[in-house]
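Presented below are the structures under discussion, each in the form of structure tokens.
There are two complexes below, and they share chain A, which is joined by chain B in the first and by chain C in the second.
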Partner chain A sequence: MSLEQSYIDLYAANRAKLLAGAPDSLNQYRDAAMEAFSTQGFPAKKVEDYRYIDVRAAFDGKQNYSMLLKATPLTAIKGNPISVNNTELLNRYYNKVADNHDPITALNTALTQECLCIYLTKNQQLEKPIELNDIFAAGVDQMEHKRILIILEEGASAVLLLHYMTRDKYHYLATQVIEVFVGDNATLQLYELEETHTSCTRFNNVYFHMGRYATVKHNNISLFNGTTRNTIKAYLKGEFGEVTLNGCVMADKNQTVDNNTLIRHEVPNCTSHELYKYVVDEQSVGAFAGKVYVAEGAQKSVSKEVNQNICASDEARMYTQPMLEIYADDVKCSHGSTVGKLDEMALFYLRQRGIPLAEARMLLMQAFVGQVIDEIPITSLCDRLHIMIEQRLKGELDQCVGCARCNK
Partner chain B sequence: MSENKNAYVRQVADKQYQYGFTTDVHTEIIEKGLNEDIVRLISSKKGEPTWMLDFRLKAFRYWQEQAEPKWGHVHVPFIDYQAISYYADPTAKKAEDADKLGKIDPELEKTFDKLGIPLEERLALSGNTAVDAIMDSVSVKTTFKEQLREKGVIFCSIGEAIKEYGELVQQYLGTVVPYRDNFFAALNSAVFSDGSFVYIPKGVRCPMELSSYFRINARNTGQFERTLIIADNDSYVSYLEGCTAPMRDENQLHAAIVEIVVMNNAEVKYSTVQNWYPGDENGKGGVLNLVTKRGHLRGVNSKLSWTQVETGSAITWKYPSCVLSGDNSQAEFYSVAVTNHYQQADTGTKMIHVGKNTKSTIISKGISAGRSQNSYRGLVKIGAKAEGARNYSSCDSLLLGSECGAHTFPYIDCHNNSAIVEHEATTSKISEDQLFYCNQRGIPTEEAVGLIVNGYAKDVINKLPMEFAVEAQKLLSVSLEGTVG
Partner chain C sequence: MLRIKNLHARVEGKEILKGINLTIRDGEIHALMGTNGAGKSTLSNVIVGHPKYEVTDGSITFNGQDLLSMTPEERSHAGIFLSFQSPVEIAGVSMTNFMRAAVNARREALKQEPLKSTEFLKLMRDTQKLVDIDKKLVSRSVNEGFSGGEKKRNEIFQMAMLQPTFCILDETDSGLDVDALRVVADGFNKLRTPQTSALVITHYQRLLDYIRPDFVHVLLDGKIVKTAGPELAKEIEDNGFDWIKE
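Moving on to the complex of A and B:
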């Protein structure tokens, strides 16, 4: 039996239960998605988009994962007491930007148990940032297929932090699809912070659909993980949109972090920025592939992409692949990527001043990834992340810092 | 001065593709199609030893199992491999004419004269370039062979080398680009006809530039040349390659392999001005240029430099690469790729660092105009043992016209913590400011574009030998003629 077949069978056997637990708005896409998944199968390493990660190994089923089939009711966070018809909202947005061309997304659409929905009405401004703690604490080896839908209507603004954590040492395999719709003039800051463990495998696909003058700042921080693949796709659909995709990765042991981003300039006058920094140590593997696509007619596009990496050990591997695909002439696009080591001169400077080598290295690494953190405009979050990075480098990161849950 | 220069450019440009003529010469073309018998026939026509035939057959059998690769950012039209003739010999008549042996058909001589390649040694202008002239599947003549022989340099067609220096060829052929390397490499290994063979012995600095000129003439044929260059310890050679083809409505296939072996302290400079027929302005016809070029820097302190100016071909699919095995070896890649009308180019390089303290530099300049697509694709790989490896890559793209595309696909695979790899790329059009500056000083827009483009490509053109640099500059202007306004 092929690997795919076991998932197809899983779906067939549990279809009724899945359908019973979720609204039709979610269920209507399941069959087609499963069909798309079964025709594509899990991407082999030959598939360009998945060349740096072994998807088949992640899903090989050697771990006996259990899966929660009964979906919890749809969760909605509504800012205003305006009644929102969930069904209508879901029909309008759910599965509209995520596509079945990605087999992981297709699998998620078919098997997802629940959908978290965050909806902001027209011109609604969220006063305080929302932090969502996604905690893996099943007590058994578990597989999960999560779904998040974020909708900002015209002129709305929000700051969201998604914090992925583990609370026990079981194996986890999770797929997650986040669909984000940012309306005209709306502003979204979305932070994702991963702090799981080495037995955790995550596939996280994020899709942004952006309107005119929409602004998105996405920051993707991998502090600790097992195997993580982030696929981030930003579609600039309205003129004068601006998207920033930043991220930093600290990896050691046998961790793998593969970030695959796509920014599609589909209309003129949009701007995109991208800054990704990696520190790969011990036997870890870091991969970055960032494509900027400028469609025909998308004149006056401006794009700047930077990827900088440090290989800190003999056995660590770093793959980087910044790409430009441009079909319009009046554009300014650039990318730069480097792979290197810590600056010898800077290390010498620090040691000369009595700082031991290990500490000096740590300081430099901290400063190196710190650049990504400094881009975050919220001071409190920025400070907290700096502390977490320091702790991460010292190997003290047993629990997270500063969030309400831990301080209790 | 600038006016004169422009007048010349215009004059050349009006001629469009000036090498598009055909030569009316009796050419012996074998039957179309590809099977084991054809492979055997080619081998027997060239009078090859058994080991060569075995090599070809192995490659052919492997090729049969393979499918055409699809990953390039180009749309290769359907190629019917059975509708191509794999061997065309324009010199066949000569061989029959026994008393004229050693003389070249005057038609052929005229053709090469027209292309600016004198086959008579006394006519060679600068007197410092030896030429191997190849039409279709056969080497027509190699000049200055004797002078080179005195120094111990072997410069001849590969067909001749297989017969006369069999051992040397056998030792190196297929070691840099094995026949299993890719689909087109397997095809070439099975049916390759002529190409050049160069051997520079230990400690010899080749006294003149060596050059090969490739010409496709016959209809419905493909050219499958194979070049092998071996630079032994402490030697130096500069090798140039040029190519043209007649204007035809159908696509012609050109699948070549170039292998270079560089030993201790040796240096090889390989320059190409590729000017195959690019097809007409509607994208009809043109040469499909699908080649595998690779150099192996085996020795310590060895050096290899690829310089290419790519202006022709309907489709270019080529990655001159370097495997840096020797410690302290250095590799360079300089490229200007120009595409216009419906041309498509997917070109770049691979730098594979294996040895310690190896260094590589990549400078790539892409210029796309009309409705063409121009991609840079490159790989820099630092192996686990390549301590202190260093790479710098820079690839810039210039867009002239709103319907063309420029793409960059660089890959960096780093497995060593002491390596430093840098890559940067930019894509933009010619800035309004620069144009305005020129206009303001009385330079018309078209001329200003030429000026800016030439300046943009200067980094690469400067690396070419002088005669080539002049030609390349002219080609650049011609290829871009009519792209402004």
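Moving on to the complex of A and C:
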């Protein structure tokens, strides 16, 4: 039986339960999504967008994952922007920017059980940042398909932190699709922070749909993980939109982090920035593919993409692929990527002053990725992340489950 | 304090030091002069254990210990400090974090408690005043965007923070204006104890007016070819090296 067939069967076996547990606004897309998934199958490594990650290996049934089948819709609290399976919102926005061309999204659309909705009405300003802690703590090996919808109506603004954590040592396989609609003049800062463990596999697809004068700052921080693929697509649909896709990755042991981003300038006068920094150490693998697409007629587009990486060990691997595809003539676009080692001269300088090699390496790595954190305009979050990065580099956040090296 | 015997060293496969003999006792100041490319900085780098420099023969002992078997950080903890000819810029590492790590690493090696945050900050402030370095420099990333002279001053600041017993000043005077030169030299003299010794590498007499050497050595093509008293520096300033070569 093919790997795909096992997921098709899984769907068939659970379809009735899925339909019973969720509203029509989710259910109506399931069959078509499953169909799209089975036509495409899991992307092979020769598929351009999935060159650097072995999707089949990630989804193969070596682990006997149980599937979470709970359906307990939360009741919406008045004034609270968060709700679950909010039919009205789902009808308007669900599955409108995500699409079945990505088999992972298709699989998620077929199998997800509920959709977390975060909704800000016109001109609503969220006073305090919202932190959502997504904790893997099932007590069994588990597969999860998560779905989030974030909507900022015209002129709204919000700061959201999605914090992914593990609380036990079981294997997790998760897909997640986040659809984000940022209306005209709305501003969203979205932080994603992963702090899971070496037996956690996550496929996270994020879609931004942006209006006129909409601003998005996305910062994607991989502090500790197993195998992670983030696919981030930003669609600049209204003039004068501005999107920033930043991220940093610290990987060692047998960790893999693959970030694949697309920024589409579909109309004139939009700006995009991208800064991704990786430190890959030991036997880890990092991948970055960043495509900026400027559509015909999208004049005065400005885009700057930077990807800088440090391979701190001889065994670590880093793949980087910045891409520009431009069909307009009056644009200002640049991209650049570097892969280097830790600066030997700087290391020696620190050691001459008495700082032991391991600590000197740590200081340099921290300084390197810290630049991405420094771009965060919220001081308290910035400070907290700097501390977390320091702890991470000191090994204080290590959570190794059957990892090749620690085998704890 | 420092005893170098028949030292041979290579860099990138090329032999640079071709049999150096040098003994520096407690409290002595030795000046080292010589043509560009003679191997002065190579000698400093070998003493502090730069991994790019390969010792092929000879020995160095420091207070009786075999220096060549020690890591760069151990040499630092033992009291050796190099004021680099070209200090590197380290973006993103603040002077404060850098110095805190350095001071506490040394204290740990000496089996002392790490400094409390307030004690450490006071030490930073006091030292900054002592060597008259701008407070703003000390709050930036290590050497990042510093002018040539500011980098040299920063070397002396670090020296003052770490209180070494043996200092190598590799052209610390180059790039300094006259006032800065005096400040740097004063800084060094203030830090000196009767036991502190130093190897002062320079092309100019003027630094040696402030830091009086007991001996002056001339290094040419990887060998010390002449050693004399302070008057030798004056002679070199007036007549160059050609007369020694012959």
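Structural remarks
One rule holds in what follows: the second predicted complex is superposed on the first by the 384 of 408 C-alpha atoms of A that agree within 3 Å, B and C clash if a C-alpha of one lies under 4 Å from a C-alpha of the other, contacts with A are read in each partner's own complex, and residues count from 1 in each chain.
Basically, a residue touches a chain if its C-beta (ideal position, glycine included) is under 8 Å from a C-beta of that chain, and two chains touch if they have at least 3 such contacts.
Keep in mind that this is a model prediction, so the values were computed, not measured.
Bringing the complexes onto one copy of chain A puts chain B beside chain C with no clash.
In the superposition on chain A, contact is made by A:L363 with chain C only, not with chain B.
Once chain A of one complex is fitted onto chain A of the other, the partner contacts of A:A346 are limited to chain C, with no touch recorded for chain B.
In the superposed model, A:Q371 lies in contact with chain C only, and not with chain B.
Touch criterion not met for A:S199: it reaches neither chain B nor chain C. With both structures placed on the common chain, the touch criterion links A:G354 to chain C but leaves chain B unconnected. With the two structures overlaid on their shared chain A, chain B and chain C come no closer than 12 Å at the level of C-alpha atoms. In the complex of the two chains, the chain A residues touching chain B come out as 48, 296-297, 299, 309, 311-341.
For chain C in complex with chain A, the touching residues are 48, 50-52, 71-73, 75-77, 81-82, 84, 87-88, 90-93, 97-98, 101-102, 105-106, 109, 141-142, 158, 162. Contacts from chain B toward chain A in the complex involve residues 71, 73, 382, 384, 397, 399-429.
Taken together, the chain A residues at the contact with chain C in this complex read 343-346, 348-357, 359, 363-364, 366-368, 370-371.
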